Amino acid sequence: MQEAMIKRAKELLADGTVNRVMGWKKGEFAYDITPAVFDTAEELEQDFVCDDLTQANVSKYLIKESRKEGRILAFLKPCDTYSFNQLIKEHRIIRENVYVIGIPGGPKIDVEKIKAKGITGILSVKNEDYTLKIETIYGTETMPFYEAISGKCESCKSKKHVVYDELMGEEGDVLDSNRFDMVEKLENMTAQERYDFWRGELSKCIRCNACRNVCPACTCESCVFDNPASGISQKAAADSFEENMFHIIRAFHVAGRCTDCGECSRVCPQNIPLHLLNRKFIKDINSLYGEYQAGADTTSRAPLTDYKADDCEPSVVHERGAE
Amino acid sequence: MLKIAASRLNELFDAIAEKQTLYIPVDREPNTAEYKKYESGMTMSSALNTVRSAKDFFFPQTENLAEFKVEGKSIEVKDIRQENEDFVVFGVRACDARSFSILDKVFLSEPVDSFYKNRRDHGTIVTMACTKPAETCFCTVFGIDPTVPEGDVSVFSDGENYFFLDRTEKGTEFVKSVENFLEEGDAAKLAQVQEQARSVIKKLPLAGLSTDSFGGDKLNEHFNSEKWAELSEACIGCGTCTFVCPTCQCYDIRDFDTGHGIKRFRCWDSCMYSDFTKMAHGNPRTSQLERFRQRFMHKLVYFPANNDGEFGCVGCGRCLAKCPISMNIVKVMKALEVK
Amino acid sequence: MQVNNDFQPVIVAFCCNWCSYAGADLSGTNRLNYPANVKIIRVPCSCRVNPMFILRAFQKGADGVIICGCHPGDCHYTSGNYYTRRRITLLYSMLDFLGIERNRTRLEWVSAAEGAKFAAVMNSFVDEVKKLGPNRRLEDLRCRKQ
Amino acid sequence: MNNDTLIPLIGVVTDIRQDTPDVKTFRVNALEGGKVFEHMPGQCAMLSIPGVGEGMFSITSSPTNKEFMEFSIKKCGCLTSWLHAMDVGQQITIRGPYGNYFPVETELKGKDLLFVAGGIGLAPLRSVINYVRDNRANYGDVQIVYGSRSKDDLVDYKEIIDEWSADPNIQVNLTIDNPQEGWDGHVGFVPNYVKELNPSTNKTVLVCGPPIMIKFTLAGLKELGFTETQVYTTMELRMKCGVGKCGRCNIGHKYVCKDGPVFRFDQLDELPDEY
């Protein structure tokens, strides 16, 4: 696929359809891949990469890139197209300035999962018939491909591209995913258990803001947490309350707009399952206000900017029974 | 050399913890280690390093500086400082051990930061030699020998035993205090293990990295380099690199109104944040390019300029492993290198 | 759970200017009793209540937070309380998800004519929060009075 | 435990003077009277209202003033708005002095001095000017060029007219940006006025004002034949600690709070252009 992508990108550069290519750049090892903009065919040949380890969702970069001169080519995985579409809906990306090629999605490999197996010194990772062959400085290691699948791909919601100008590979379908399983599991716990679970997770937070900054739905010019006039600007979680506050508000601010792309959990240096907070909102919205998938279209009203006269009362929460 | 059998390590921990607070790295999840206050029965992590660095022990993410009581037009300042309790950090790696001497250069230079010094005075650092470095390691580039770490006491493992080498007065005292757990041991196997580790270190993928192109005298040539635009283009402006970095020491000072008094605290800050240098009348670093440049210029040029050529990086590799977009000091050094 | 009978919970009540605040007024002029530890904050519409306000109330020492607005359909601004309803439902559900006691939060529709309802709601809410004891799970320790 | 510079002292505001529509000068004393600490001309102090914020301000009174310190502060942000709303008797926290100072006892001694200030930029220079006036025998000619947007925006106008202009040993040249009723002095921007005045190139120059004014003044001075080693300025960037540790006020490897705020232009020239 990578070769075909480079070839197509070069063609589109050559015929003037686009003047830049948004893609990913090789790093020092197999896995340290950086989103990058390529200007020339030479750069593409040299550094462009799109393989099993290329996870980053590049749609947020297109906000800035689509405001520059000329048109940019973007390769979007199915999940990325939802983010892209949501940004179109919010008038953040100038659609005409982006040429979208839909590419097949994952499952992608998360190197953290390889490292969690105690494999260190990783130099290269190859998928040979669903067995990963990992070259390390200490010799060759193997592990099953499926044990290294990134968290966001484990519960893939759709292999369908919701927006594209052309497609490479075959189009997939919206999947019947298991993505709410963990949310449900937590819902079935007692309040004390849930509290302990989230304290354990959120107390790990170092307030690096990676989850916020990587999020394609977090596109405010100035974030409420950076604004001293908001009364809640925080630089560090000086108290457990502030950890809760930050994560509740972060998730709330993208409720109804979060496409569940999973970037927040992917980038968290402390491996906090932040996507569960977003999924809780998605699950609630689906069950209380009807199925809604952010980014699936560009015209519908988002659940939090919409209402029905016979919406349920907040007492549904209190009626859930014993805690 | 004095040693203790690996199987008896927890006995030693129990004895230390009886006298003072002991912190050891423990696994939270596989390959995700963090320092925890030792409680009987905990197992020391075998991971190469902790996700967060050990700088927290001396420079915590947040700490209160002072308290104020405001009544009408009058203000009362309360000095809340207290003498710290003695503590031991066990299992610090060579890179983090070096980071303390870098932090010392900032916080112990005049005027001395009493908050930092207080913790430093009361902390004993027991380091652990590396035997299985990762691909992201490049401490040797900064003159660190991971097989012989600095610290108050260095500990070396040959797989079966832990050997103790005291390096400072504090270290000697520490070893003396646990003397009855230690016995004289044969270090022949240890020498073998060290030799093996050194041969791996020589072959690490980043071992060839050179600092020759950097230093205090390379100010304007690097500052004005055209490479910064490309290097910083993907940076999302988060603080991951800063907060996992053992040497990043920038901080913010803020006030918190508790409703019955004001607490002035300081917390880690990141030069990657957009409001880092923002003033009422403007911001000298308007885009992520300038902020990104600041971080690497600080480590590779500004810090050595002010500290006799010592770089502000210890090659621990945390930013390589954790950056959301995998842009890091190694890529910057390679791009800016003058061949 | 040990119930401390001396415990007087701090309750923050966000009241819509057009209905519930007037309702509170009416309950006052009718000399209906409701506990003095209910702190009323007047807002132009229940929709003005940003989720952050609720969290900050807990941070600064509230043991329970209640939002009162016009009955659905009666909003002075036509539809404000409909948005409130969705927003607050999701927030309360999220707080529940994080293990915060459900009964620390409530939303009630109280019209300007319902002085008696206002007092009754406050009395029952205070009783419930009293049963839960002081807010500990969503507390900022720095704000706790020693 | 020894004192830590991050733990502030208390000062009390004993006088407030409205200098211009957006500049007030605050007199600060220690609680028991007298000064909170001694300083040198050009140095700064961290003032704060707990719960509002902390900011670095240059001490505008001269060290030769043994009774009090003064700060001329322009209202432009959160903290300064709060300070402007203060009444006499308000206590504030204060720590310092921070930074280096104009070399009044070394390089500037015996020299002819030219002060060039714009707007609130007079604040740090006023400290030097009064220091020089109080040690007049140690210095040669003194000339002050000061400009502002309008007559009302000239900070310390009363002192300028009553004391500096009245002093036969000092030449004062004032200018405002645009013509104004009741103003018969010079009209025009400071950099141009300096060129018009054509000061002798053996003078040492101390400049402070908005960045754009400093830039053009320096260019003008160079045209007149001045060299960068003759010109001093004082800088300002965001600061938190005041002692070169919090890491934000650097220009290259120099920290404005510790290695500055006073720089000679040849020193600044070696540093990256990031201020």
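Brief remarks on what is shown
Should a chain be cited, it is by its letter among A, B, C and D, assigned in written order, with residues numbered from 1 in that chain.
Rule of thumb we're sticking to: a residue touches a chain if its C-beta (ideal position, glycine included) is under 8 Å from a C-beta of that chain, and two chains touch if they have at least 3 such contacts.
Note that the coordinates shown come from a computational prediction; the quantities given were computed from them, not determined experimentally.
Interface comparison, A-C versus B-C: the pair with the greater number of contacting C-beta pairs is A-C. Of all chains, the one whose Cα centroid sits at the greatest distance from that of chain B is C. Centrality by C-alpha centroid: the chain sitting nearest the overall protein C-alpha mean is B.
In whole angstrom, the spacing between the mean C-alpha positions of chain A and chain C is 36. With each centre defined as the average position of its C-alpha atoms, the distance from chain B to chain C rounds to 46 Å.
Remark: chain A and chain B have CA centroids separated by 30 Å (rounded to whole angstrom). Look at where the CA atoms of chain A average out and do the same for chain D: the two points lie 51 Å apart.
Touching two or more other chains at once are residues 238 of chain A.
In chain C, 140, 142 are the positions where the chain touches two or more neighbouring chains simultaneously. Touching two or more other chains at once are residues 53, 78 of chain D. Residues 28-32, 34, 48, 51-52, 61-62, 132-136, 200, 203-206, 230, 233-234, 236-240, 242-244, 252, 254, 256, 265, 267-270, 273-275, 320, 322-328, 330-331 of chain B touch chain A in their complex. Those residues of chain B that touch chain D in the complex are listed here as 65-66, 68, 70, 73-77, 79, 81, 83, 106-107, 111-115, 118, 216, 219-220, 223-224, 249-253, 255, 257, 262, 264, 266, 269, 271, 276-281, 284-285, 290, 294, 297-298, 301-303, 305-306. Interface residues of chain A, counted against chain B in their complex, comprise 27-29, 31-37, 56, 60-61, 112, 115-118, 120-123, 136-138, 204, 206-210, 212-214, 226, 235-238, 266-267, 269-271.
Within the complex, the chain B residues that touch chain C are 256, 258-260, 263. The touching residues of chain C, when paired with chain B in their complex, are 60-61, 140, 142-143, 145.
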